[in-house]
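Same chain, two partners: chain A is paired with chain B first, then with chain C.
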Partner chain A sequence: MYNPTVARLTYRALLGRRRALILFALPALLIVIASAVRAFNGVDDQVAADVLGGFALATMVPLIGVIAGTGAIGPEIDDGSIVYLLAKPVKRPTIIVTKLTVAIAVTMVFSAVPTFVAGMILNGNGQQVAVAYTVAALVASIAYSALFLLLGTVSRHAVVIGLVYALLWEALFGSLIAGARTLSVQQWALSVAEKVAGDGLVASDVGLPVAVALLAGVTVAATWYAGQKLRTLTLAGEE
Partner chain B sequence: MTTLNIEHASRWFGNVVAVNDVTMTIGPGVTGLLGPNGAGKSTLINMMGGFLAPSTGTVTLDGETIWRNESVYRQIGVVPEREAMYDFLTGYEFVVANAELHGLGKAEARKALATVEMEYAQDRKIGTYSKGMRQRVKMASALVHDPAVLLLDEPFNGMDPRQRMQLMDLLRRMGTEGRTVLFSSHILEEVEQLASHIEVIVAGRHAASGDFRKIRRLMTDRPHRYLVRSSDDRALAAALIADPSTAGIEVDMAEGALRIQAVDFGRFTELLPRVARAHGIRLLTVSPSDESLESVFSYLVAA
Partner chain C sequence: MSIETTRTETTQIHNIGYRNYDGPRLGRAYARRSLFSQSLRGAYGLGRSAKSKVLPMILFAVMCVPAAIIVAVAVATKMKDLPLDYTRYAIFTQALIGLYLAAQAPQSVSRDLRFKTVPLYFSRPIERVDYVLAKFGAMAGALFILTASPLVILYIGSLLAKMDFADQSKGFGQGLVSVALLSLLFGGIGLVMAALTPRRGFGVAAVIATLVISYGAVTTLQGIAYGTDNIDAIKWMGLFSPITLIDGVQTAFLGATSSFPAGAGPSAGLGALYLLVVLALILGSYAVLMRRYRKVGL
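After this line comes the complex of A and B, so read on.
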């Protein structure tokens, strides 16, 4: 289910394109914010949780997920170069699972690692805040990568749709409308973080069993469906 | 023996029919798929390459369905028309990746690059390649697993004459080795030079099939229209209509010319100057008025 050649091509495509700059810019911004907050505010567990929850988990993780998830397959489908992968005796689901693995790894490295570093800067992992949000970023990375990889497989406008989802649904509606929160990767990840962090610092609207079930369900369903879509992907000619 | 079989295959996109009830068999040797732009050649090749499902009908390789069947790619090599490749790789890295995806390695990649004579530029990024170089690296990637079937969509597009000749030699060699080579083109001369067998596609339909002599004959033994101006149009008209190679002549007063319909192309082209000379008539203009490839093709469809 994993093809090292597909993985190598995906890594190079993801990290070689210009949009990869965002992969570096967002974590850098988080570290700058964390350093500034620490410098002006000193150590405060609640502020640390707010920064990590409000910027890292609500904005940075989904954005990195959009770039890595859609970028792992979307450009290849758009320009047609995926034909070189498809015209091979390699199972299509293997291509998807491999690309998903790469997308997850990239999202984790560029979101969970900086989240942990920022947490350490903010309050030195007091009340387990840094670890809690790092765990949340790790589990969110998996679900986001699967969702956005599917989006990259089915739509040419994957990046736009992904951004709308990440910024409007997760960041805006998620904080305004209670119902939207139940259907939010961010809330599911927070539910996991809630178990790790000290009392009252992390709160989620979704219970842990539901959150874990939804995270796993969405990841598996999106990956399976992307594999199916790739099996019947039609490459229209230029006529 | 590897044979591609297309049986009553049609493909439509929404309301547009791109391929309409095509039946053909493509066996070993070089076959040219000839047709004007937009005739449905790419759609047909995409169906043979497993990138498009036929809306109706079947496309098989030695009896095995091609659509949704990854295992056929052990036998098929595809050279797509699209330019997009992994531009950030070098030619060598690209061909090695293609070899690995077939479960092969560097040795096969090197051999394929040697076959297309691209070793000299294999360490440059694909992004820096000319169109002809890209085409050759695409060829190498398709040849790396030594496939029995090679599908090429407009492979000569954008190649200079030397590169064109090289590729033709290569494909000819593949054909003599017993491989099934199919390439598409909208240029009759290209197909004639290379293909031992020609399939003609026009407006999604299978218009003709045969060796190049048969296709040439179909294209030349058809009513030809000429516009002729001379020093004495009426005397020329009278002299020409007496010969069976001429089917009809119209005196176009507005143009000040004759519109002649010839049925026997060879005989008419020989007759016209002879008759003019015998009657002391000077020919001022002789121009074929429907020589575009499109009109040849549309004639073939109607036939």
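After this line comes the complex of A and C, so read on.
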């Protein structure tokens, strides 16, 4: 279910040349902000949780998920070079699983590692805040990658749709309508973080069992459906 | 003429009837105008497939609907003043403006790069400056239509509700100036990010990342500064993201109330710096685009 050649090509597509700049810019900014806050403010557990929750988990992880998830397959479908890959004797689900593995790895490296570093800078892992948000970022990376990889196979406007979900649904509707929060990867990841962190610093609206079930369900279903979608892929011409 | 004709006849094997074009040549200005109007129409999907009309039209509708609702409520309850300032509208709907820009700026420039049509443009009588100006103008124009239309709805509604004419006109004018600045600023930033990559998807991500990340970082820092009573620091931080720049300029010069924490917008002195940064960014993005297209395509 894992093809090293496909993986190598996907890594190169994701990290080649200028594309990696966006991926490096975001974590760098997070660490700069964390250092600035620490210098301004000193150690404060609540501020650390706010920065990690408000900036790292709410903005950075979904954005990197969108870039890595859709970037793993979207451009290839977009410019039609996916046919050369599909013409090889490699199973379609294998292609999806390989690309998903790569996307998850990239998202984890570029979101969880800087989250942990920023957490250490902010309060030296006081009350397990850094570890809690790192775990949340790791968990969210898996679900986001699977979701956005599926989007990449379904629509040519995957990046836009992914951003609408990440920014409008999770950030805007999530803060206005309580019900929308139940259907949000961010909240599921937060409920995992809630278990790890000290009391009262991380709050989620979803219970842990529900969150874990939804996370696993969404990941598996999205991966399966993306495989199905790739089996019956029709290449659209340029509009 | 007759000499030339006889000469070509002796050198031709077949005369298959090709004729030279001797009608009027419409020239550089016409080509520039065409490129501008095509790009502007393309930003709303006009003249393109039905599928590419969906997203810009939905975003345009979503921009206008809240304005219509506000007007309806204001008229129905006979308010003396609109519940929302003209200048605040774009700040509230910034996510939509950002999405529109992210979707349309790469549409405008990335595909020209990817399908190598840019050399074809430059084989016409237009120059680099015409191409950049036409694309920049079209993007800013499309954003202006998007951001000014709801203001027009608000203005017409306020006049229908017989609110104070002078007061409303002044607010409307200030709002228009503010969204014009916003359109130029956002259009420039969007095109620069989009022109970096021939891949549309990466262009979309780059544009939205620039807008959202800078805004997210600034508001997070402002929130922390507010929480730790560093009110003075708040207004300096606004210099680092496009939408807070516009917010600062209109707070200082266009009579808007700031949406910074504690309403701690810049005063006129610092506001001049805000305006300077905005103008520098607009001119800077024009310069970057000119540089980008110095050597392109082939």
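The rule is short, and it goes like this: the second predicted complex is superposed on the first by the 232 of 239 C-alpha atoms of A that agree within 3 Å, B and C clash if a C-alpha of one lies under 4 Å from a C-alpha of the other, contacts with A are read in each partner's own complex, and residues count from 1 in each chain.
To be clear about the criterion, a residue touches a chain if its C-beta (ideal position, glycine included) is under 8 Å from a C-beta of that chain, and two chains touch if they have at least 3 such contacts.
Note that the structure is predicted; figures quoted are calculated from it, not measured.
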Practice task
Figure out whether A:V90 sits in contact with chain B (first) or chain C (second), or with both, or with neither.
Solution key: first
Completion exercise
Between chain B and chain C, more residues of chain A are touched by C
Practice task
Applying the touch criterion given at the start, work out whether A:R231 contacts chain B, chain C, both or neither, answering first, second, both or neither.
Solution key: first
Handout entry: Partner chain(s) touched by A:T5 [first = chain B, second = chain C, both, neither]
Key = first
Practice task
Residue by residue on chain A, keep only those touching chain B in one complex and chain C in the other, then list them.
Solution key: 79, 238-239
Exercise for the section: Mind listing the chain A positions that touch chain B in their complex? Expected result: 3-6, 8-9, 12-13, 16, 79-81, 83-92, 231-239
Handout entry: chain A - residues contacting chain C, complex
Key = 18-19, 22, 25-26, 29, 33, 36-37, 40-41, 47, 50-51, 54-55, 58-60, 63, 66-67, 70-71, 74-75, 78-79, 157-160, 163-164, 167-168, 171-172, 238-239
Handout entry: List of chain C residues in touch with chain A within their complex
Key = 48-49, 51-52, 55, 95, 99, 102-103, 111, 114-115, 196-197, 199-202, 204-206, 208-209, 212-213, 216-217, 220-221, 223-225, 227-228, 230, 233
Problem - Complex interface listing, chain B residues touching chain A - result: 13, 18, 37-38, 40-43, 45-46, 49-53, 68, 70-71, 73-74, 76-78, 80-82, 84-86, 88-89, 97-98, 100-103, 141-142, 153
